[in-house]
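First chain written, first letter: the chains are A, B, C and D, and each begins at residue 1.
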Amino acid sequence: MTGAINDSGGTGTGATGNGGGIGRAAFEAVPWAAGGREGQPERLVFERSSPGRRASSFPDAGALPPVDLDRVLPAGFRRTEPVRLPEVSERDLVRHYTRLAHRNYAVDLGFYPLGSCTMKYNPKVAEAAAALPGFARLHPAQPAEQVQGALELLARLEHALCELTGLAAATFQPAAGAHGELTGLLIIRAHHEARNDPRRRVVIPDAAHGTNPASVRLAGFEVTTVASSPEGLIDLDALEQALDTDVAAFMITNPNTLGLFERNIAQVAKLVHRVGGQLYYDGANFNAILGKARPGDMGFDVVHLNLHKTFATPHGGGGPGAGPLVVAEHLVDFLPAPVVVRDGDGYRWDTDRPRSIGRVHGWNGNFGILVRAFAYLLANGGDGLRGVAERAVLNANYLLERLSSAYQLGYPSRPVMHEFVLSARKQKGQGARALDVAKGLIDRGFHPPTVYFPLIVEEALMVEPTETESVETLDSFAEAMLEIAAQAQADAGPLRQAPVTAPVGRLDEARAARTLVARWHPPSEPDRAGSDPADEGPPDKPTS
Amino acid sequence: MLATLGLDDVDQLFKPIPSDLRAPADLDLPRPHAEQEVAAELGRLAARNRHLDELTCFLGAGVYDHYVPAAVWYLAGRGEFATSYTPYQPEMSQGVLQALFEYQTLISELTGLEVSNASLYDGASAVAEAATMAVAATRRSELLVSAAVAPRVRELLETYSRGLDIKLVEIGALDGQTDLEEVRGKASDQTAAVLLAQPNFFGVVEDVAAAAELSNGVGARLLVSFDPLTAGVLEPPGRLGADIVVGEGQGLGNHPNFGGPAFGFLACRPEDVRRLPGRLVGETLDTAGRRAFVLTLQAREQHIRREKATSNNCTNQTLNAIAAAVYLSWLGPQGLEEVGQLCLRAARYAADRLARIPGVRLAFPEQPFVKEFVVRLPADPAEVSRRMVDHGLLAGLPLTGLAPGLEDGLLVAVTERRTKADVDRLADALAAVLADLGADRAEGAGDGRRKGEEVAR
Amino acid sequence: MTGAINDSGGTGTGATGNGGGIGRAAFEAVPWAAGGREGQPERLVFERSSPGRRASSFPDAGALPPVDLDRVLPAGFRRTEPVRLPEVSERDLVRHYTRLAHRNYAVDLGFYPLGSCTMKYNPKVAEAAAALPGFARLHPAQPAEQVQGALELLARLEHALCELTGLAAATFQPAAGAHGELTGLLIIRAHHEARNDPRRRVVIPDAAHGTNPASVRLAGFEVTTVASSPEGLIDLDALEQALDTDVAAFMITNPNTLGLFERNIAQVAKLVHRVGGQLYYDGANFNAILGKARPGDMGFDVVHLNLHKTFATPHGGGGPGAGPLVVAEHLVDFLPAPVVVRDGDGYRWDTDRPRSIGRVHGWNGNFGILVRAFAYLLANGGDGLRGVAERAVLNANYLLERLSSAYQLGYPSRPVMHEFVLSARKQKGQGARALDVAKGLIDRGFHPPTVYFPLIVEEALMVEPTETESVETLDSFAEAMLEIAAQAQADAGPLRQAPVTAPVGRLDEARAARTLVARWHPPSEPDRAGSDPADEGPPDKPTS
Amino acid sequence: MLATLGLDDVDQLFKPIPSDLRAPADLDLPRPHAEQEVAAELGRLAARNRHLDELTCFLGAGVYDHYVPAAVWYLAGRGEFATSYTPYQPEMSQGVLQALFEYQTLISELTGLEVSNASLYDGASAVAEAATMAVAATRRSELLVSAAVAPRVRELLETYSRGLDIKLVEIGALDGQTDLEEVRGKASDQTAAVLLAQPNFFGVVEDVAAAAELSNGVGARLLVSFDPLTAGVLEPPGRLGADIVVGEGQGLGNHPNFGGPAFGFLACRPEDVRRLPGRLVGETLDTAGRRAFVLTLQAREQHIRREKATSNNCTNQTLNAIAAAVYLSWLGPQGLEEVGQLCLRAARYAADRLARIPGVRLAFPEQPFVKEFVVRLPADPAEVSRRMVDHGLLAGLPLTGLAPGLEDGLLVAVTERRTKADVDRLADALAAVLADLGADRAEGAGDGRRKGEEVAR
C-alpha cells in the first residue's frame, strides 16, 4: 500500500469510551512530570499498536511481474503467521521516541563524569560529516577506485594514531575497546606461535577493567592477576614474580584505573620484554596523555584506542564505538587483513597478508565512527590534542581538590591524571553506600561517577570530568557532592530513598534477574523466559 | 583553577611522567582546523567516493541498500540517545532501556526465539559469539560450518577459533545449497553445532527444518545466520528448530556506512540465557511499583564475571539497535511482508531478465531465492562490474576467488528500492557491456537455464 | 582563532566556591522536574557567558594579505565597542537549547488541537527533502539553467494547487497566510484600477480572523464588517446591504471560523460579482475540503493557501510558513513577478509582466516550505488528500460528539467540518473561564484549543483535531475535557490555579506589558524599554 | 467512530456542501507515492540543481554563503521547536519564548537599538514594515529612498506603497554612495523617513551618522537596512543615530534555501515600541515568582487590534530566528569580529586580484567596502558568469538591467568561507574567460583604478 500520511486504520472502530478516569488520558498526555513521584511511564510501542495502522508505505508491487509463490518457494520455507510487529503510525513513533528521549540523561543535557568512560562533549560537525552520503551511503564491497576518499581518510587517521602512540601501523576493524583487546591478544598469540614459542599466560593487574580478563580468556590464554602496590601502582616485585617465559603479555592501562600514571613503566617494559613477553596498552585512559607521552616510547608493543572516548564520538546509549589497534613494527604482519596501503597517487586494500590473524569484523569496522574521529582530529590538530590532555588532567585535579574534604581518596597518591577514585567508606559508616551517593546525585541533576570500580577500592566512586567541562560545572557538581556528604552525616535515610525526582524511583534489580522478563508479550501470553536467582549479580556491581 | 591547586603551569600536573618519556614536540599531526575547514575537508573526501545515491545498487552480500525511512535517524539521532552511554543508572536512562527492551522483543519476533540480547558488533562477530555459546552449552568443540556461509564470516570464525577451543569442519554446498547429507555424515557426539546462513551467501534458501532435525539428532545446536529483512516471506529459523539465531542488522534502518556501524543480533532459547553474550534488558518495578527497565543477568558479563564472562563485550551497537527498533515499528507486520514480497518479485524479475542475455545464466536455476542470486557471466565479473559503473550501476559482487567453481559468478542483490526500470537498466547495460567485450557470442550463450554444478567445496 | 573543541577560556579563573547552596548546583543540573512547583528555570544564554569562552572557530586570517583598516575604512564607520554576544562553548549551547527544548510542547510530543491552525503531524521525509543541498544550498539569484529541478518543483506544485482550488495560476512569494492576503488584496486593487473602477471597501464577516481586517487596511481599503446569521453563517441580507459598487471584495473562509460550511456560497458569489466585487478565499480552513470541493467552482476569484497548515509543514514555533496565492484567469496578469513558466523542455522565470503588482518578497518566498509541501503532495496524492479532508471532518465530528454533553456548542449547527467552537459559558458561570479550562488541559498533558476566537462566541474554545490524530488520542483528550468540566462543576478553584505541573505556573501577563522587558541587560544596566499600561491587551486575548 | 456518529459513510458529513459544488473526481493530481518514491523523486529534482557545495560562491546581493555551523540546525531543528506553533500558551512554551527573548537581545546588540521584534518574513518586507512604522510615527507620508538600496527591496516597497499612503522619492547614488546632498535638498517636513542600506547594494559603506543628522534635522526617522554579519567591523546603525534598523537575517545561521525561509529583523527605540509590527516577547513572573517569558504588547497585533493593528503579521519566521540566536551565541563577540575581518580581508584581496586583470576595473575604487564590491567587465557580465560556471564558480551578480550606468558591472561577494585559493581561482578563471572572449584586449584594459562615474540615478 502506498501513500497517505494521515492516520490510517482505526477509522472504523467505535470508541466505547471505556472508563473516563485519568489513567487513559495520562497515557496519551505528555508527561510534564517526567520526573518525580507523579511521573507517568511511557507505554511500550506494542501497547500503542492498533490493528491496521502503519507508518510504512511501499510502491505497488504490481509494477513487477507477479510471482507464483507455490512455484518459487516451497511451502515449508514460507512464513506461516504474521510477525507481531507493532501497528503504529509515524506520528505514534515520533511521539513515542521523543517522549522516551525526554526520559534519558545524556551529555547533551549535562555533566556525565562516568569514570573510565570519558564522556566528553561530542562536537556536532563530526555528526554532520558522518551523515554525508559520500560516507554513510558507501557499500563496503565497492572496489577501491570508487572509494578513494574513504581510504584516504583511513590512511590519514592511521598515520595520526601511529604518531600519537609512537607505533607503526593500525587496523580499524575492532568495533570497540574490548574488540581491540581480543584482536591485540590474538596478534600476540600469533607472534609467539610464529616464533615457535607458544605461551599460555597473560598477566593483568587487579585493578584491570573486566574486559581485560575476559578478552584474555577469549584469546585462549589464562589470566594471572597481580596485586597493586599500596601506592596504587604496579608492584614491581609482584610483577617480577609473575613473569616467566610462559607469559605472553602484560596488559595494563597507563594511567591506570586509579587515574595514576605508572611512573615505573620503563622498568616494567624491561621486565616484560626480558622474559619475551609483549606489553599491551589498554587505551581507555589515553585521554590523559594525548600528545604528552606515547605508549610506544614507554615500551608498549600493542595499543588499542577507544575512539569513542578519546576522540569524542558519541557513545550512543552503549555504542557504537571504535577500538582500532596500533602495533609496533614487529607485529605489523599479523594485523587483520585487509589493510589500506598507498598505491601510486591513491590507496588500495592490501589483502595479500599471509601472516595476518584474519578478520575480526565482517567489513571495515565502524567506519562512521572513524569519520567522526577524523573530524575531531582535524578540529583539534596536534596542539589541540595536547590541550585536551592538559585540561582533562587539570579538571580532574581541581575537582578532586574540591571534593577531598568530604570524601576519601581510594589511594592517596597525587596529582592524579584525568580521573580519580574516591571511596565512600566514611559515608558507608554513616549509612550511605557509594550507590546511595550515586542516586543522590541523580536527584541533584547529575549523572553519577562510575561506582564499585576498580574493585580494589572499597565503595569506589570513580570520577572522570573530562576536558570539555567548565569550572562552573565542576563547582556545581562539587557542591552537589558536598551536600550529599553533609546529608549522609546528618541523616543518610533520604539518600537511601533516592532518587525521588528522576523519571522512576530506585529499581528492584533483583526482581528483574529473578523473574526474567526480557521481552514484551501480548497480555494473552505468559512470559516464557524464566530465570535463576543465582544470576542476579552482586548489588555492588561495577558500572563502567 | 590552577590557583586553587597552588600551581602556575598545568604542565606541573604531568610530573609523574618521567621526562624522558615525554612525547616529542614535533609529532606529524594536522594543524588545528576551524569548523568550516573541517566541514570542507570532510566534504572533499566524501565527494571522492561514489555513493549509493549516485549509483543504482545491486550489490549486497550481507549489506543491502534497503530504504531507511526519514523518521529513523530523526529519532535515533536525538542527543538524549546518541550522547548517553550504557544505562548503568537506570533511573535516568529509561529512554534507552525501554527502547532496547522493545528492540529485544522485535528481534525475538523476527527470529522466533524468546530471548534477544541488546546487540553485538556485527553479524559476523555474532556468529562467533553464537559458536562460543554452543561450545559452552554442549561442552563439545566441533562446529560444522556450511560452505554457503559468507566467506567473510567464515574468515572471522577462523580468526576467533584460534583463541577458542573450536574445531571448524566445512560442509560443502551442492547446487548452491548446504549439503545436508554431508552434515548427516559428519555430525557426531563431538558436534557442538551446525552453522547455516538463511538465505545463504548465494542467496539460496536453506532447509532449516531438516538441518535442525539432523543437529538435534546428535545433541548439537543449530545456529542460523538470518537476514531479518526476509522474515516477511521466510519462516523465522527459530520456529523451524534453530537454537541460536544471529544476523547482521544493517538492513534494519541502518545506512551501509561502508560496513559499519550497523549491528549484530543474537537470540536464543530461555535455556541458554545464562550463556548469552552482551547486555540484556529486563523488566522490573520501581519503589512506587511502576514498570521500569534495567540491565539484568549482569553476572554473565565481563564487569562482574571477568575471565569467566560469557563474552568480553562492553561497548556494543546500542544506537544502531535503537534505529532498528524504530525501523521495525515503522515497518509493521504488513510492511515487513511487503518488503519481502517486493524483494522477491524484483529479484525474480531481475533473474529472468539477466538469464535471457546471451551468455548469461543462473548459477542455481532450480533453487529457491528471495532477494539475491548468482549469475554466471561469459566474461570476467570484476571487469564487467567495473564497466557497469559507467552506466551508473553497481551490478553485484564478483565471486572470483570467493567461491570455488563460481569464478564466473556475479552475486546480484535486489531490494525493495529497485524498480522495474532499474532492473531493465541493469539488464540492458549488462547486455551492452557484454557486447562491448565481445562476450555475448561466447560459449553457452542463450542457455540461461543450465543446471549449476556443485560449487564451493 | 582555530580549532580546539574542548572548553576554551575560563581555565585561569580560580573558583571561589561562592555559596555552597543548592541554587548554583540547580542551575548546572538537569531539571528533571521540568514540570511542577520545584521546576528550575534554565538560565539565559547570556547568564552562561564566561569571558574568553567560545564555540566558533575560523581560519587564520593570516593566509590573506593584511589590510590597513585606517586606510580602507574611515574611523567613524568602524565598530567602537565589541558587541556583547554571549561567550559560551558549543557544549554550553547544546545543553542550553536541549534543555529549552525540554521545556516546550510540540506536535512531536502530543495532541495540539489549536483551532484554525491545523496542527497536523509533520512527516519527516519532507524535512529530509528540504535539507538536501540541492535545495537548501541554492542561491536565489542563480540563473534558471542552474536550478531546473527547483523550477520544475514550483511548476508542478503550482499545477496541483490550481487543480485543488479550481483556479488558473499561483505565486509562491507570500511567506504566510497574512502575506498572501495582502498580496491578493493588492491584486484586487490593481484589477479594479486597471478597469478604471477604483474601490474603497472590503467586506468581511464579524467572525473573520484578525489578519483579514489588518490586511485590508494594509492594502489601502476600509473594512466593512457584516454580522453572522444566528446559524453562524453569512447573513445574506446583511451582505446584500453591505455590497455596493465601492466594494472591492468580500473576504471569507469556507468553512468559516465556526467550522461551518457556507452552503449559500454560490448565492454569495453571485451577489458579490453582481456589484463587480471580487470574492476572496482565506485558505486557513482548506483542510476541510481538500479534494472534496474547490473554491474556484464556488465562485472565488482569489485564494491564499496556508501550506504550513493544509500541507503539513511544521509551524516552527510560529513560522516559517508559506501562503501561496492562487487566482482566476482574469487576475493572472497581476501576480507578483517573476513567475515560473515552461520554456521548451525546461522552465524559466518570466520577468516581463507589465501588469504585475510587483514583488511582495525579496526572492522566491519560503522555498524550503514549498519543498516540504510538494513532498506531502506526492506522498498523499489526489486520493490521499481527499482522505485527509474526510478524516479531518470525521475526527472533528467525533470529538464534538464526545464533548457535547459537557460543553455548549457556540452555534448549534451540525455536522461541523474540520473544527468546531465550544463555549465555556456554562463553566464560566461555575467560576472557570475558557482560559481556566485551557490551563487545566496543560496540567493534563494536552495543548489547549484556541481560546477567545472567533470573537462572536462567548468564552470560545475552538477545537481542530486534524486528521492525523487517532481515536485513542481523541478519547484521551475528551476524557481530560470532561474531567475538567466535572472539576468546574465541583469546584472551579483548582482550575483557576492551573497549570501546576507545567515548567512554570500561570504567568503575570499584565506585568510583562506594564514593565516591558524585551531584552536581557547585564546586571549593571537598567532595563531601558519602559512601556504603557494601556498596551497590555485584554485578558481574553484570542490565541490563533 | 462513524458508529458513534450514527453514520455509515464519512461522506455523509460533507452534506453541507451542495452537490453541484463537489470537486470533480478526475483532478489531475499525482498518485500517492510511497515514502521511498517521495525521497527518490525529490532527490532527482534536487540533483537537477547546481548548488553551493558544488560551485564556489561569490554571489551575494543580499543572500550570502556564510558558514552554517553544525550545531545550529542540530538544535533549531529539534522537534520541540520545529513542530510547535506561536507560544500562545506560555506555560508550555517556555523553550520557544526564552529562545526568542534571547534572539531579541542579540538583535538589539547587533543593531544598537533597544527593542527587537521576534522576526518578520524577510529583509525586504521588513523595510516595508519599517516604512509603515515611520509613517505612523511621524504622520508624514514621504519616504526618501536611496537608489543604492537593492532593486528587489525597492520593488517591494513600491508594491507595498500601493496600499499604504506612502510616497517614494528616490535619492541618487554618487560614486556608489547615497548622495546626501540630495537628501539635504529633498528632506522636508513632509519627510517621514530616509532609507539607506548599510553596506548598500553596491557593497559601499554609507555614512549613517551624516544621514541621521539630516533626517533628525527635519524630524524624520532614519531607516537603515543593515547586514548583521558586518557588525563585527561596522558600527551598528543604531549607535550612529538610525531610528529603525531592519535587515535580512539569512546570513545568521540560515542556508540560502533558494531565497527562503530565512527571516527579517526589525529593531527600534523604546519610543516606537507601540508601533512595532509582529510578535514581541517580554519577561515576567509566574505564580511562584519565577522568571518566565510571554508574548507581550499584543494590543499592537492583528488578533486584538484587527484593522488598527501595526501590521498583519501572524505566522512569522520564528524557527529561523531561533537558528540565528543559536548562530550568534556560537559566534560570540570574537567570532563576529573574525567573520567581519575575514570577509574584509578576502574581499579586498579579491578586489585587488580582479582589478589587475586586463580590462577589469573596480567601479568605485575610492569607496570603503567590507565584503562585496562591483567590478566593471570588458564583456557582458551575464555571459562571463555563465562561462565561469564551467570553472565551478558563481562569479557574482551581473548588474545589467539592475543599475543604470553599471551595465558592465558584476557584484562580487566574498564571505569568510572563501579562501585565498578560492579567490585566486576566481581571478584566474575570470582572466581565462575574458581571454576566451577576446575581451582582455578591450578598451580600458589594465586601468583598474579609474574613478567610477555616477551610477544608479
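To be clear about the criterion, a contact is a pair of C-beta atoms (placed from the backbone, for glycine too) under 8 Å apart; a residue touches a chain by one contact, two chains touch by 3 or more.
Being a predicted model, the structure only gives us computed values, none of them experimental.
Visitor: If you take the mean of the Cα atoms for each chain, which one ends up farthest from subunit B?
Guide: D
Visitor: When A-B is set beside A-D, which has more C-beta pairs in contact?
Guide: Between A-D and A-B, contacts are more numerous in A-B.
Visitor: Calculate how many whole Å lie between the centre of subunit B and the centre of subunit D, each centre taken as the average of the chain's C-alpha atoms.
Guide: Once rounded, the distance between the two centres reads 49 Å.
Visitor: From the C-alpha centre of subunit A to that of subunit B, how far is it in Å?
Guide: So the centroids are 21 Å from each other.
Visitor: Roughly how far is subunit A from subunit D, centre to centre by C-alpha average, rounded to an integer in Å?
Guide: A distance of 45 Å separates the two centres.
Visitor: Mark out which residues of subunit D touch at least two other chains, giving numbers and ranges.
Guide: Residues 1-2, 4, 10, 31-33, 35-37, 39, 43, 53, 69-71, 74, 78-80, 92, 416 of subunit D each touch two or more of the other chains.
Visitor: Using the touch rule from the top of the page, what residues of subunit A touch 2 or more other chains?
Guide: As it turns out, subunit A has residues touching two or more other chains at 2-4, 11, 13, 15, 32, 53, 56-59, 90, 94, 98, 102, 105, 108-109, 123-125, 127-128, 379-381, 383-384, 391, 394, 398, 402, 471, 502-503.
Visitor: Inside the complex, what are the residues of subunit B that reach subunit C?
Guide: Those in contact with subunit C are residues 1-4, 10, 31-37, 69-71, 74, 79-80, 92.
Visitor: Write out the stretch or stretches of subunit C touching subunit B in their complex.
Guide: 2-4, 11-15, 32, 56-59, 94, 98, 123-128
Visitor: So in the complex, the part of subunit A that touches subunit C is made up of which residues?
Guide: Contacts found on subunit A: 2-7, 10-11, 13, 15, 17, 20-22, 24-36, 38, 50, 53, 57, 89-92, 94-95, 98-99, 102, 105, 108-111, 120-121, 123-124, 312, 376, 379-381, 383-384, 387-388, 391, 394, 398, 402, 443-446, 467-480, 482-483, 501-503.
Visitor: Can you name the residues of subunit D that touch subunit B in the complex?
Guide: Residue positions touching the partner: 35-36, 39-40, 43, 53, 67, 69-70, 74, 78-79, 416-417.
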